[in-house]
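Let me begin by handing over the structure; questions about it come next.
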Amino acid sequence: MLTKIVLTGAAGALGSRLRAPLAAMCKELVSTDLADALDGVADNETYVKADVGNADEVMALIEGAEMVVHFGAIADEAPFEQIMHSNFMGAYNVWNAAHKHGVRRIVYASSIHAMGMYPKTTRITADMPHRPDSFYGLSKCFAEDMGRMYWDKYGIEAVCLRIYSAPGSVANARALGSYLSYDDCVQLVKRSVDTPVVGFTVLYGVSNNDRSPVDNSAAAFLGYRPKDNAEDFAEAILAKTPKADPLDKAQMCHGGPFATVPLGVSGVQYIKKMSEGN
Amino acid sequence: MLTKIVLTGAAGALGSRLRAPLAAMCKELVSTDLADALDGVADNETYVKADVGNADEVMALIEGAEMVVHFGAIADEAPFEQIMHSNFMGAYNVWNAAHKHGVRRIVYASSIHAMGMYPKTTRITADMPHRPDSFYGLSKCFAEDMGRMYWDKYGIEAVCLRIYSAPGSVANARALGSYLSYDDCVQLVKRSVDTPVVGFTVLYGVSNNDRSPVDNSAAAFLGYRPKDNAEDFAEAILAKTPKADPLDKAQMCHGGPFATVPLGVSGVQYIKKMSEGN
Amino acid sequence: MLTKIVLTGAAGALGSRLRAPLAAMCKELVSTDLADALDGVADNETYVKADVGNADEVMALIEGAEMVVHFGAIADEAPFEQIMHSNFMGAYNVWNAAHKHGVRRIVYASSIHAMGMYPKTTRITADMPHRPDSFYGLSKCFAEDMGRMYWDKYGIEAVCLRIYSAPGSVANARALGSYLSYDDCVQLVKRSVDTPVVGFTVLYGVSNNDRSPVDNSAAAFLGYRPKDNAEDFAEAILAKTPKADPLDKAQMCHGGPFATVPLGVSGVQYIKKMSEGN
Amino acid sequence: MLTKIVLTGAAGALGSRLRAPLAAMCKELVSTDLADALDGVADNETYVKADVGNADEVMALIEGAEMVVHFGAIADEAPFEQIMHSNFMGAYNVWNAAHKHGVRRIVYASSIHAMGMYPKTTRITADMPHRPDSFYGLSKCFAEDMGRMYWDKYGIEAVCLRIYSAPGSVANARALGSYLSYDDCVQLVKRSVDTPVVGFTVLYGVSNNDRSPVDNSAAAFLGYRPKDNAEDFAEAILAKTPKADPLDKAQMCHGGPFATVPLGVSGVQYIKKMSEGN
Amino acid sequence: MLTKIVLTGAAGALGSRLRAPLAAMCKELVSTDLADALDGVADNETYVKADVGNADEVMALIEGAEMVVHFGAIADEAPFEQIMHSNFMGAYNVWNAAHKHGVRRIVYASSIHAMGMYPKTTRITADMPHRPDSFYGLSKCFAEDMGRMYWDKYGIEAVCLRIYSAPGSVANARALGSYLSYDDCVQLVKRSVDTPVVGFTVLYGVSNNDRSPVDNSAAAFLGYRPKDNAEDFAEAILAKTPKADPLDKAQMCHGGPFATVPLGVSGVQYIKKMSEGN
Amino acid sequence: MLTKIVLTGAAGALGSRLRAPLAAMCKELVSTDLADALDGVADNETYVKADVGNADEVMALIEGAEMVVHFGAIADEAPFEQIMHSNFMGAYNVWNAAHKHGVRRIVYASSIHAMGMYPKTTRITADMPHRPDSFYGLSKCFAEDMGRMYWDKYGIEAVCLRIYSAPGSVANARALGSYLSYDDCVQLVKRSVDTPVVGFTVLYGVSNNDRSPVDNSAAAFLGYRPKDNAEDFAEAILAKTPKADPLDKAQMCHGGPFATVPLGVSGVQYIKKMSEGN
């Protein structure tokens, strides 16, 4: 059993669902986020309010940790300065503190948006160069490259989970391939934690969708075997999907709408505005 | 829902099984073949007798279509002039008319015989060069290359289905790997039609056979998940299969007997004559 | 039905479980090993005591055989001279006799230890260069290269089964990925025998483990579909697995402990001594 | 020394320069083209007026030949029917006659336009799938695939020379990479003829340009070592080259202007019209 | 002829040698660096003191530019905050301003240290994932990924020059492979500027050294043909090179000593201290 | 300067030409072979008669050595037992003694015959699986795999030189591609010795032939730049070369005649007998 795990982003949609499973895998779980407090704190869990973009706060949190599950960051496209603070500096603060404190492994919430400009007719693997689609995706490239460096130089392990769709529901045709259910996300993090050695590993976080457009074979040793399948929603979703233009990058690229969202503009708001405009 | 689909080869073994499923996916289905008439025409289906090798007939048929499902061709090796008329010119007529009439996508019945000379110990993918085994296979190479060009130059989408075995039954040891059931073939065409964007995609049409010798991972985003498995017949088939010579290309190549059928000679008749001769 | 199969290593843990299935696939099974006699000899089975390292004995055994299933060898690291006799010379004797007697195919028990020095974060396939971890593994490289040569020059087929874990039980965390059940091993050999043509084929012998770290897609045409899954034991095994050092080759390499066992020293004894020493 | 070589397209810009070198390599050279007669016929050369699109004429010409150097075709984009006659049927007539008459090898003038839609930032090799840019390029794909088939099935050798720029002068910035001098073209054909075995080989016909964008390493055994270099003209050419749009396929693709010439329209005339229009 | 080029890092060892050649290629050259003034300013050159880490200053400089040659940055390992300011923010400021002002192309001084942790027995190409060896190298990964994104999304071209050794002299055994002479560096930048279209291109900046350990074939269309060769110094250098330990990453990795320099510590000072310590 | 080098095979055609250059690179050269004595022993050279197949003799020789240049072996196909003694056991004795005595590096005379069954239309690299053509070639596969293992486990470096043609003269058409001059062979060994770190490296020993059919780019960091070119002899050689059959493996395979020489039969004698028989 692990001694201490630090979970960042513990108040987020994914992070909040990781708290109980992670608490069950270690003696002490330290959860952190920007919220003042969290509900349902487990017996072996401590919540600490902190900003991952603040070096001192991160350094204090990570002391004594065996692993860090780093999910805390802005989860949307945003102005560069905001992404710089929370995502770039957040990741740097985590790895730097991990090195200082002798942390064994970091499990990192990367994103498909590190590879978002590849066309979906290209099956993407873990060993292709980055093609980010946003400042958000660029921050994921940065953290992955940094994680590789800390492994190569200092032997700190990392698993980078390129989460495809923000979990929740299967809302559109793209999600038929990209959906990641909460249960599968939990399994993914559990395998990333319980596998004895992982070195530096990158894999895609998608469910067992018929239309999954990624190749996780390089990380097969982790034993991630997703159970859910967005195909259950295919007929209903496709029936209401308008004709798509194959020359539209928002349709053709892995990153979906982020491929056409202007840099620095919230994807969530941009997509909403576009759909209202139609 | 699609507006108009044109189905060529509608009287063939595969085409006749595609009529009802396609009629359910569009407002208007136009079926065509060389036969005078077809039975069981659906309410939203029109049958037009036409020869795909005749440019004018094809041009007229395709006007107003959103997609063409092009299965009409000679489905055997034959003298070059016959293949030229029905398969080469047929494919050219379809793409040329599609371009003139603004068709969005062509779903094309290609064939394993475009790759038939590869040894089966080579796992074939969608991005390897062609190695046809017959004039028939050569016509499939031609149509695939042409489809790629119309996509690259004009943005007309295409899905090329390299159908492995002519469906029907699992008749011999080769079919244990190459079998494509009618149900799986229908699924394959449905996915090729309902996937929002496909660009230019090539995949192999095989069922979920234990011994399937092809790699469809590049087209995973289509979500083709075959259900049938020729392995149910393995024990019976293998019990009556004579010793095979691994240096015999008809045994070792993906194209099976076509690898040794002389160019221009009907494979069906040649194989029959050979087996009688033995 | 095959005429005569010769099975070497028939008294071993794997070989003894292959006798009945192989006897059911041929008219005559000749089993051989170093033991004086075997129990439960089938009606169409003959047991012959012989040393595969002895050329004359092997030459006599193989006369008239259609296939040889060659599992007879030292199955551990050992001093070079011992490996030379039983594994190198044993394999040479089998292929040489097969050539002299017109044998059609050899099914060979190779081993993961031919590739043992690759890190497990590298997904190994059948077409990567050898990286043996022991004299034992080196003897497997030798036999595979020799098998390739007899196929290339003389058309003698071979299937080289890179058996991952010695079957039996799921004893440690490595086995969660590497486990090969007896049933799956039997299936693997049956497919290697009943597939009509195989040319020269290499594949990995692992069960259907969630954490299987190998890629058998190149040999998919054989139809090997394992049924057992070591994941059933994962929770119990991982609970008692101590923290692993990712810079320890015994943890990080496909060969597991063999990656650090000194050349020529029994892995079984070395591992025992190490664990006692801890 | 070879017995008889047949050279098609003998009156063309390239073909006319191949006559003397080929005449020196064989006992009998038969040159053919659509012209009524050629000047400077060598002692061992015979000129025969013929249309490669005419099967009977080709069959008669090739009788008794050891090799065919097939350069006769329309060397521009043209309406499909014209390309069909001269380029598709021309190539078929040559290979079909070669097979009937036991010809040993065909040296074929293929073209970069078989690969013209690849971006020039992709270094193209001989083993990537076709991406033609025109009916003209599509006819080259057809002949290459057919050549591969006749080699695979019947052992007829072929060297397909993907000639990059029509030789002559270095007229524009694209030619700085794509230029093929007459001397280098002659060397290329000589090596294709004098190399003892070639199997089926594809290589690119470019000079030793600093900016050559292709990879001929797979055909290195032929020993083609071009001598000329378009870089001598770089400064002058670039000084008068207007700013280029990197999103313009005519600038970015290997096929150059053919990437945007409408299918069936003469590239020569289209480019002329465009430049006049500017 | 280009209208306006902006050169950053104009006072540096490389930048100062680029001023005259660049001035000859455009109507107006704006040079910038942290120095108060530069000597020998050309007639069409303006020097502006500016800090690339300052967004406003960069935005003002780049207005009206057609290309930016971005060489301004810390050229050594340094504390993260310093690299963040000059290298990360510097690169961001350049691309962001380029986008705002419609700049056509950025020529960027990247570095081998973006790939420094690969062993030199691995021949590195332009399409392998990053493996940085320092914060300095990580900043180059960042800029390359950002450059790719601006190309993919907005069509801004970039050439990333992974400069291998800081030019000057051939000081040690590593430089026998990694040396880049000033003349060759100038040629590299000139080709990056004068090639009509470049899309997004990465290549290695090394001279024509016999022992060059990199593969620039993907960028061959640029026509970079280095002239100098460090081999002239090989005998003298090797005679005084002490025995190397192949397990020492400073010896075995492409990044040389940077592979073992602690993160954030000046490589120049660290290497000096180490050599004094010996 | 190196302390002690041991050269095996010092009386052979290649070895005898390596003595003087190696003597100039070290304080002490120990040369060994089966001959009783050698002429022209250098001041710092000692000759010791020894059989590399004899473990004790090799163990004694290698004590104190810094590098071993291992060229001593049967250089022809021969009965398995002879190859086993001199080539297999010889190589094992060298690596085993090197390990016992702390030798830093082994430079090994491997051979193209480790890859001889690849067709020459396949450009062979250093990272493709072995395809030996003879027991002789199989012994080279063995030594290479063993060398890789000693590097992976114990850090003993090795350079494996796959010498293509036995040097001397350009005797036939195959040698136009495969020729290795004595001077180039000496350069190859010098680079293998003087390069500071080499890890485990495989490269092909060929001269700078126009028709060189191999790819040495993976070993570019060694700086091997051959000077001689067999093309000087091309015209004369080709003029007397009879028509070749492309289906004859002796013509089509990299191994040349060894591809068809029966296993265990001297290639030299077999080729002589064949040519006399013609």
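Observations on the model:
Lettered A, B, C, D, E and F in written order, each chain numbered from 1.
The rule is simple: a residue touches a chain if its C-beta (ideal position, glycine included) is under 8 Å from a C-beta of that chain, and two chains touch if they have at least 3 such contacts.
The structure displayed is predicted, hence computed values, not measured ones.
Between the contact lists of chain B and chain C, the overlap consists of A.
Any chain touching chain A that also touches chain C appears here: B. Residues touching across the chain B and chain D pair largely coincide in numbering: over half of the numbers involved belong to both copies.
Once the centre of each chain is set as its mean CA position, chain C and chain E turn out to be 51 Å apart. Computed centre separation for the pair chain A/chain E is 32 angstrom, with centres defined by C-alpha atoms. For chain D, residues touching at least two other chains: there are none. Judged by the touch criterion defined above, the protein chains form a pattern that is neither an open path, a ring nor a star, and not fully connected either. Contact annotation for chain pairs lists A-B, A-C, A-E, B-C, B-D, C-F, D-E, D-F, E-F, with touch applied as defined.
In the complex of the two chains, the chain D residues touching chain F come out as 1, 104, 155, 157, 194-201, 217-218, 220-225. Residues of chain B that touch chain D in their complex: 80, 88, 92, 96, 99, 117, 127-134, 137-138, 141-142, 145-146, 148-149, 152-153, 259-260, 263.
Partner chain C is touched in their complex by these residues of chain B: 119-121, 123, 173, 176-177, 209-213, 215, 231, 234, 238-239, 241, 243-247, 251-252.
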